[in-house]
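The two complexes that follow have chain A in common; it is paired with chain B in the first and with chain C in the second.
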Partner chain A sequence: MSEKISVEVCVGTSCHLMGSNLIMECLDRLADNIKERIDLRYVQCMDRCGKGPNVRIAGVLLDKVTPETVVEEIKKSLI
Partner chain B sequence: MAEVISEVTKIRRRVLTEVAALIFNNRLVEDVEGLPKKLTDEGLTSYRCCQYKEQAILQERIKLALGIDITAEDSKKRLEELARNVLDQPVARSDKPYITLIEEACDHCSIDKMFVTNACRNCVAHNCVNSCPRDAIKIVDNRAFIIREKCIECGLCAKACSYGAIVEIERPCSRACAVDAIVSGDKASAAIEEGNCVECGACIVACPFGAISYRSEIVNAIKMLRHSQSETVALVAPSFIGQFGPGVDWDVLKEGLKKLGFTRVVMVAAGADEVIREESRELLENIEFNKGVTFNSCCPSFKNLINKHYPELTAGISTTESPMLKTARLLKKSGDDDIKNIFIGPCLAKKGEAIRESNGLIDGVLTYEEIAAVLVGAGINLAKLGGEKSRRDNNLENPSIDALNFCAAGGVSKAILNSMERDGLQVKTAAGIRDCDKLLKQISRGVFKIDFMEGMGCQDGCIGGPGTMTGPAKAKGLLKKMSREVEMNV
Partner chain C sequence: MKVDIGIASLCKKGEEVCGDTTKIIEEKDSTTVILSDGLGSGIKASILSILSTQIASRMLEKNIRLEEVFTTIADTLPICKVRGIAYSTLSILKVKIDGSAHLIEYDNPSLMLIRDNDIVSIKKIKRNIAGKEVYESFFQLELNDLLFLISDGVINAGVGGLFELGLGRDRLLDNIFKRNLTEQAADKVAKKIIGLTEACYMGKAGDDSTALVIKSRRPRSAVVLTGPPQKKRYDSQLVAKFLDYTNAQKIVCGGATGNMVARELGFEIETSLDYIDPSVPPVADIEGIDLVTEGILTLNKTVDKIKQLSEDNFNDNKNEFDGIKDGASILSKSLLKADEITFLMGSAVNPAHEELMKSLQLKPRPVIIGKLVNLLRKHGKEVNIERY
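Here is the complex of A and B:
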């Protein structure tokens, strides 16, 4: 299967303050074969500011994420 | 510091944001008492033994967010009363160090430095015993035992053990502090020795329990923004680039700060241009009169290091004002109350500098994380703003490339060299207090002769400051990009 999955990262000020830049940095460091299958987008706000950083992976909203949980989720949805 | 955003960093930022929001919603006095419970109910990490301890620590964090000196006796009052006081009283700033220990949060990490682990096999060789110059190791119960009274923590035993069974443990805070300012406090917790502390903030980043934090100035700043009849100017440090997330460039940031209530937003880099000229002149003079090494004056933490730990070198500190003060002076004269200057940057030491040296030119210093918390508290999301392209006709928005680069290690000396048009200048640079300390030691001993030393309290320079939100590697890349753009425009 080589369909791409969408990964949306909220870069609103609230999520940024809670570390969304770390999420982006960890996505940067992913292996190329995984990166190729990701459709990365920045989102201005996901309306859950108090629970940042927020990401949406393949349509599923995840709050209070850390780089580790994001990578894990991405790998799961790619299987 | 932003390479890692630990849970405790998030807690500090969360508290700042909540406090800011309560002020903007006019609910601070009413709701502050319930804030610790609200936060733990929402699942703010409970790494402590119980919710009560967690809440007690949160109370202290809230006090720091309110700008209260938690070492003072009258900080023991209820949050509600403290909140009312900070809102009612006229803006008063104290020269007490901004960096403080939260006694309740300190985990009393072991301070016995050399530690025998279970890996000790009571071997025949007993290299540890033999290596100890003070006879401080005995074999007790089939295992090496260190007699605390005799141990001088030289570390030879750890090196000698073939199994690596002896380790050197040090409190993370004191390991991070290059000037031995973290000492043991009364109750076996850590304590900060004011006389040694250079306000670099390295210990804040290092403590895994978030037991060291800083007094915030957000309340004062919000009050100035909301009630002041006067002009409120945001003086933004050169290192702002990339600090507020993708897409937030100067125009967007400016729009956001204006929305927040700043009447003017200027670049401190503009003041840095003035500093380059002046400091170069001074350096030339110092060389001519054979006055020895000149040190940059722009980093307050480096300056503290010289003043407190190398008093014999203080004469060499450049008398040129820092870019912050230069820019502030361009905007107002001391005693001029019609303008409020608020510096926004990556730095904690600037808070002290503003009080000690600004003569009232600077009315407040906020870190990037503090201003972001204020923006969020006010409901402003920079990512949603368009950033109207304003014309930068103003000279306070057109700094040179050299001035922009003041925020990265090596930038100051490069700027000076560029402006000096003189060959054979001997220059050395150091970034991070530990490296600065090493170099200063050599200079003080006369190991080499140089003309100028650039010292930065933070690794990577200001882009690695304790108040940043974006990692220095990323910031460096964006800085390069911006420099190129500026170059193309001229």
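Here is the complex of A and C:
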């Protein structure tokens, strides 16, 4: 199997209010073959509170993300 | 010294409400428990015993003399049409923080005290108050003492059935020792005594029965670190102060605060993947810290949760957080379990939070901590707050 990619989702106050819980819901609904290639972690605070929700995919920090952009980025990283 | 209290009750068969009433008044330097058993059973008995406990608790809170309390109760209770009397029993026990206890008993089975697996007898003074024979005792509690206040439904359990004269005090105590109940928590002991009572009645309780169990213990402390200090150069000083509370449960509230503590300790912060309540961000783990939660949202939710506990049934309801794993429920449970709580509150302001707080009408840290402190004080907690 190919190597997993890390996906870190900030669940700090601002990111939560800006929709990080929706991102998590969306990640939970991903197809199993994608899910099993993700190493998912939640992070208490990425210290970029004004730009939330913040997500780090395969080491690349992305700000002001939406569930759609996160899924898109994950798929890109998995190719 | 502090006390844990467990209460369990059983209704007379066919009745929907219990005619026994209990009340707990927790104050900073004392805990008072009241047990009253109303005449008869069902709603009539319940009204009588509720009136007695409410009158007694309100008057005792205002330090009104015992004579007046009993006179007021006797004058206020409605008279039973059938028996032509106004009646309910009353036991009032006040335990101060130094362990000194004051007990007043009127017509309830006598309080039982178990110390080091032995029954301790308490010296009583008989008094005539407002035409009633009242027994008064002053005694000193020791750590791990176990006290029982019970209504006569427990003592009489099984009368004329399983036992000719009912369960009785000696059989009850014997059962407590045989089942090692002295080693168990107050709420479990109370439930087990009522379980035994129900069994003695063979499922058909002949009277309302209540067990109020009190266990003395050392006070429990908690320290809550929330918010980084205004100036970053004080981070290590604040974390060191927090860690100095060696005998307290250590709680961290806040993402940036959690990062600060983890960094100062040189440990990783691991956030749980369980999003149990969508309105409360998940909790995290830092080695050596008992609880790590998000800040503002969890604190706002904690205030709501503690507020929701009905004041009258506060002690019955405070166990409702057992087994619920969202940050606000765990924090509520930890704070309600503690007797002495210190809040170490950093004053750093997160500009990103400020705007969001305003738009969502959430209370900022100093406001919500102030509310939480007042709420906890109202429930008898000794709370200190230090700002950095």
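Things worth noting here:
As a working rule, the second predicted complex is superposed on the first by the 78 of 79 C-alpha atoms of A that agree within 3 Å, B and C clash if a C-alpha of one lies under 4 Å from a C-alpha of the other, contacts with A are read in each partner's own complex, and residues count from 1 in each chain.
Operating definition for what follows: a residue touches a chain if its C-beta (ideal position, glycine included) is under 8 Å from a C-beta of that chain, and two chains touch if they have at least 3 such contacts.
All figures in this text were calculated on a predicted structure; none of them were measured in a lab.
Shared-chain residue A:T13: touches chain B and chain C both.
Of the two partner chains, chain C is the only one touched by A:D47; chain B is not. In the superposition on chain A, contact of A:N21 is made with both chain B and chain C. Where the contact sets of chain A with chain B and with chain C meet, they give residues 11-14, 16-18, 21, 24, 42, 44-45, 49-50.
Looking at the complex, you find that chain A touches chain B at residues 11-14, 16-22, 24-25, 42, 44-45, 49-50.
Residue ranges of chain A in contact with chain C, taken from their complex: 10-14, 16-18, 21, 24, 40-45, 47, 49-50, 52.
Contacts from chain C toward chain A in the complex involve residues 254-256, 258-259, 269, 271-273, 275, 278, 281-282, 284, 292, 294-297, 350-353, 356, 360. Of all residues in chain B, those touching chain A in their complex are 2, 4-5, 9-10, 13-14, 17, 42, 244-247, 256, 369, 372-373, 375-376, 380-384, 469-471, 474.
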